[in-house]
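Each of the two complexes below includes chain A, the first together with chain B, the second together with chain C.
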Partner chain A sequence: MIKYVIKRLLWMIPLILSVTVVIFTLMYFVPGDPARIVASTDADEEDVELIREKLGLDQPYIVRLKDYVEDVFFHFDFGTSITNGSSIQSSLMERFPRTLLLTVNSLVLTILIGIPLGIIAAVNPNTWKDRIAMFFSLVAVSIPPFWLALMLVIVFALNLGWLPMMGIGSFKYYILPTIANSVIGIAMQARQTRSSMLESLNSDYIVTCRAKGLSRKGIIFRHALPNASIPIITEMFFTLSGGIAGSLIIENVFSIPGIGVYLVNALNSRDYPVVQGTVIFIAIWVCLLNLITDLGYAFVDPRIRAGFTGSSKKRSRNKKEVAV
Partner chain B sequence: MEELKRSEQLNVKDNVNTKVKLKDQDAFLKINHLVVEYTSEGEVIHAVNDVSLSLRRGKTLGLVGETGAGKTTIAKAVMRILPERSSRIPGGEIEFNGRDILSLSEKQMQKIRGEQVSMIFQDPMTALDPVKTMGQQIAEVVRLHNDVSKKEAAVRAEEMLELVGIPASRAGEYPHQFSGGMKQRVVIAIALACRPKLLLADEPTTALDVTIQAQVLRMINDLKRKLNTSMILITHDLGVVAQNCDDVSVIYAGEIVESGTKEDIFDHPSHPYTIGLFDALPKLDSGASRLKPIVGLPPNPTDLPTGCRFHPRCPLATEACGQGKVPMKELTSGHFCRCNKRKE
Partner chain C sequence: MSAGTAALTLPNAKRKKKVGSFAIFWRRFRRQKMAMICLVILLVILLACIMAPLIAPYGYEVMDTSAIKQGPSLKHLFGTDAMGRDIFSRCLYGGRYSIAIGLLSTAIALVAGVIIGAVAAYFGGVVDMVITRVLDLFSSLPSILLSLTISAVLGAGFTNLLIALAVSSIVIYAREIRAKMLSIREMEYVEAAKATNCSVFRIMFCHIVPNAMTPVIVAATMGIASQILNAATLAYIGLGVQPPSPEWGAMLADAKTYIRQFPYMLVGPGMLIVICVLCFNIIGDGIRDAMDPKLKN
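Up next is the complex of A and B:
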C-alpha cells in the first residue's frame, strides 16, 4: 500500500510539469502586455522597456519557460506578484486555509444532508419521501450558486440582519457562503447516494441478509451503504475539487480573500505569475485529492484493495526472479 | 343458487381438510392454498396459485418444476422475504411449527429467519456481501440469534467453516477470493450456523460444476442429518430429487400438479407433465439419439390458460381440459395428481 502511495506521488511530478507548461504557454499567448500594466499610465516607452527587462519579459519563450520550471520545481518558488511584489507562496498559504474551510464546510453539509436524503429516498422508492427528496435535489441542482448567494445575502443579511453580508471573521461569516457553495453538492450527493443505494439494495446479498434475520436498519447501514459507497466517495471528491471552482464565484460574492478571489483579481490585472502559481497550486491540490479518493475506494472495497497490494506483490516477485 | 355455491365451497374445504389430516399428522411445515402475486408495470403476475404442501420433521421435500414455475417464490414466501413493494400474498396460510407465519410481525419474523428457517440461495456468486469477510458474514447471523460476544461468534464462524470443509484460516478472506463452490459452502455455513429447524435449499447446486454438485449435496445431507433439519429442496434436476428427497411435489405454472412420495412419483408418474419431465431425461439404455422435450413453453404468468394450466402443451388434452378448475385427486394413499384424465 505504501509503495502504491509513493508511486502515485511520483506520478504527480510529470502531471504537474505538464500543467505548468500548458498554463505557462497559455499565459504567454494571452494578449496584453504585463509590463505596460505594471507601469503607470503616463509612463513612456523607455520606462516600459525597462520594466520588461527587469521582469525578464524580453527573453525568448523557451528561456522563460526553463527559468520558470526551474524556479517552481527546484526552488519551490512561484515568484512574486507583478502588481504588488508580494510573494506568491506566502499569499497562497495565507489564502488557501479560507478556501479550504469553505470547501470542507460544504463537504460536511453534503455528508450530513445529501447522504441521508439519498438513503431516505432509496429505501422508500417512489413514495412521497423519495419524490420530495428528488424534487428538492432537482431544484437545488438548477439554482445558479451566485444567484442563490445574492438571494441569501438579501434575505439573511440585508432584510433580517441575522448574518454578516461579506468578509471574514467569526464562524458566522462562513454560514451564508457555505450554504451557497454546497447546495449543488448536496443535491448531487443525494442523487448519487440514491441511485447507488438502490442498486445495492436490489442485490442478491441483501436477500441473504434478510434471510439471516437482519433488521432493516442493519441491512441498510451494515450492508447496503458500504456497498454503495464508491460513487458516494467519488461525489465527495467532486465536492472537494469542485469547491475551488465554486469558490471563484462564492468568494467574490462574499468578498472572502481566498484562492478564488486571488485568481480572479490576478486574471483581471494580467498578473501572470499569480495566475500560473495559483493554477499549479490547484493542480497539486486536485492530484492529492485524487490520491486520497483512490485510497478511500481501497478502504471501502476489498476488491480494489486487492488490486493495489496484488500488483505490488507480483512486481516484487518478478524482481526476485530477475535477481535469481 | 347461492346456497348451492356455498355448500359446494364447504364441501371442497372439508374435502381438503380431511386430506390434510390424513397425510400430515406430524406435519411441521404446512402451506395451505398459498397464493402469491407480483405486480410489474401494472400487470399482475400470478406466480403461485393455490399451493398446498406439507413437510414432516426431518424429511426432505423436493419441489420440482421449470424455471418460473414459482418454486423460489414459495420458499421466499415461507421466509417472508419476497420483494416488499412488488409482491402480495392475497391468500393462503403458512403454518410452521405451530405458528402462523403470515400473521407474524416483521420483528417476530426477524427472530425466525436465520434461526429456525434458513435458506440456501441459488447463485452463490452474488449471494454474499462482497465487502465483508466470510468470517464476518457467518458471525453476523450467529450474533443475531445468540447472545454471544464478538469473539465467541468469530470462533463459531470458524467452526462452521471447518464444518463445510473450508480451513478456518480463510475466515478473514473476502468473497472474491473464493471459487463458486467454496462460496456455496459459505452460503450453506451461514444457513446452518444457527442450526435451523427448516432449511430451504433453492437450487443449491445449479450454479456449480457437476463435479462439485455431488459434494455439496452430500454435505447438505450430512449436516441435515446431524442437525435433524427438515428441508425443502428446490430443483429442476430429477436426479438430485432421486438422491435426496423423501417426498416430491411437481409444480407447474404456480400450481402443484402432482405430489407424493419419491417412489410414487418416480415409479408411477401420473400427470402428463411429470411424465413429460421423465421423458425429457436422457436415457442411456434406450438407444434414442434425441431427447423427447415437452412441446411448447411454460405459460405467461400474467395470462394463465383457463382450466388445466398444462392443457395447451398436454398430449392427452381434450376440449374439456380447458374448462373449469381441475381438482387434486388422490390416486393411491398420499399420491395426488391434478389431471382429469386420471381415475382415482
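Up next is the complex of A and C:
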C-alpha cells in the first residue's frame, strides 16, 4: 500500500511538470507583446524595450521556461500580474478559499441529495420514483449552470427578495451559488449511484441475503451499497474537480471574488502571467484530487489493496487490468 | 427440393435481405418514444434555424428604435433587446451558430480522437504509452478550463472556438475507442486480415474501427450536448462567438446587463439551449439502448 502511494505521488511530479510546460508553451505563443501591455499606450520603443528586459521577456524560450518552472516548483512563485504588479500566488491564496468553500458546499449538497436520489431510483426500478429521478437528472445535466444561476437570481433574489443577488458575506450569500453549482453534480451522482446500485442489487449475494431473511434496509445499506461504492466515490471526486471548474463560471455570475473571477478578469485584460498561474494552480489541484481518488479506491476496495501489497505476480496482473 | 424450400423461405429471405445493421438499429431506436419525440423536436428546431431568413419575423440586425426593451408579446415572441432587436429572430439565427458549433467541434474531436485512440491501441507498446500519458495530461485539466485556455491563446473567432472545444474533448473519444479496440485487436478475424496481407491502415480503419465505434457514437451524441453547453459558457465569459453575432450564449451575456429591469431577455435563448441539449442527451440515451441493449443501465 505504501509503495503504491509513493508510486502515485512520484507520478504526480512529471504530470504537473508537463502541465506546466504545456501551459507555458501555449501562453508563449499568445499573440501580443506583454511588455507593450505593461507599458502605457504612449510609451516609446525604448521604454517598452526596458520593460521587456526587466520582465525577462528578451530571454530565449528555453531560459524563460526554466526560470518559470524553477520559480513555480522551488519557490511556489507564480510571478507577478502585469496589469497591477501584485504577486500572483498571494492573490491565489487569498482567493482560493472562497472557491474551495463553494466547491465543498456543492460537494456536500451533491452527496446529500444525489446519493439518496440514486438509491431511491435503484430500489424502485421502472416505477414513477425512478422515472422522476432520472428525468430530473437528465434535465439537470442539460441546463447551462450559469443560466440556471441567473434564473435563480431572478426568482429568489430579484422577485422574492429572499436571498442576496451577489457578493460574499454570511452563509446566505452562498445558497444560490451552491445550488447552481451542484445541480449537474447531483444529477451525475444520482445516475451513477442508480446504475451501480442496480448492478449490485441484481447480484447473487443479494438473493442469498433475501433468502436469509434480512430486512430490506439491511440488504440495501449493509450489503448492496458498500459493494456499489467504488463508482459512487469516483463520481464524488469528479464532482469535486468538476465543481472547481464549475465554480469558476458560477463565481462570475455572483461576483464572488474567487479564482474564477480572477481568471476571467485576467483573460479579459490579457494578463497572461495570471492566466498561466491560475490554470497551473487548478491543474495541480485536479491532479491532487485524482491522486486522492485513486488512494480512495485502494482504501475502499480490499481487492485493489491486495493487488498492490500481495505477491509481485499478482501485482503485475493487477497493473495490467488497471492499464486496460 | 429446391423449388419447395425456395417457396418456403422466400418471404423470410426477402425480409431478411433488407435488414442491414442500420435497419436493425433504426427499428430498435423507433420503439423509444422519448427519443423519437426529441428527434422530431430537434429536427424542427434545426429546420427553423436553417430556414431562419424565411421564418424569422425580423432580421437579426434590424434595430427597431420604437420597440426597445419590450417584454414578450405576439409581435415579439421573446421580447426585444436593448437595441430594439427581436430576440426570437436572433435566437433562430443564433441557433445556426450554436448547433453548428456543437456538431462541427464534435466531428473534429471524433475524427482526431478515433485516429489517436486507434493508433495507440493498434500499435501498443511505447506508442500506446506515450499517447496514454499525453491523454492523462489533457484530462488533468477540466475540459471547460482547457477550452478556455486554448481559446484565450488563439483569440476569439468561430474557427478558434471550434478548435478550442474540439481539443478539449478529443480525450473522451480516444479513450473510448482505445479501450474497445484493445479487445477487438486480439480477435481471429483481425489475424485473418493480417494473414491476407492487408495494409496496417486497412486493418485499422476498415476492419477494427467500424466494430469499435458503438461506444464512440454514443459518447459523441452526448458530446454534442456538452459542446453546446461549453460554447455557451465560453461566449458568456466573452471568449466565444463575439456579441454582435447572435449566438445563444453571447445573447445571454448581453442580456445579463439588464437582469434587474428586463429579466425576460434571458429566458428565450436559455430555454432554447436547455431544449436542444436535453434533446441531444435523450437521443444519445436512445442511440445507446438501440445500438447495444447490453449497455442499458
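Quick note on the criterion: the second predicted complex is superposed on the first by the 309 of 324 C-alpha atoms of A that agree within 3 Å, B and C clash if a C-alpha of one lies under 4 Å from a C-alpha of the other, contacts with A are read in each partner's own complex, and residues count from 1 in each chain.
Here is the rule we use: contacts are C-beta pairs under 8 Å (C-beta built on N, C-alpha and C of every residue); 3 or more make two chains touch, one makes a residue touch a chain.
Everything numeric in this text was worked out from a predicted model, so none of it was measured.
Put simply, more of the residues of chain A are touched by C, taking chain B and chain C as the two choices. Residue contacts after overlaying the shared chain place A:R210 against chain B, while chain C stays out of touching range. With both structures placed on the common chain, the touch criterion links A:I132 to neither chain B nor chain C. Taken in their complex, chain B has these residues touching chain A: 76, 79, 81, 85, 106, 109-115, 118-119, 121, 123, 126-133, 140-141, 144-145, 174, 176-177, 187, 190-191. Chain C makes touch with chain A in their complex at residues 136-137, 140-145, 148-150, 152-153, 155, 179, 182, 225, 229, 232-233, 236-239, 249, 252, 256, 259-260, 263, 266, 270, 273-274, 277-278, 281-282, 285, 297.
On the side of chain A, the complex with chain C involves touching residues 15, 18-19, 22-23, 26-27, 29-31, 138-139, 141-147, 150-151, 153-154, 158, 194-195, 198-199, 241-242, 244-246, 248-249, 252, 263-264, 267-268, 275, 279, 282-283, 286-287, 290, 324. The touching residues of chain A, when paired with chain B in their complex, are 125-126, 203-205, 207-216, 222-223, 226-227, 300-303, 306.
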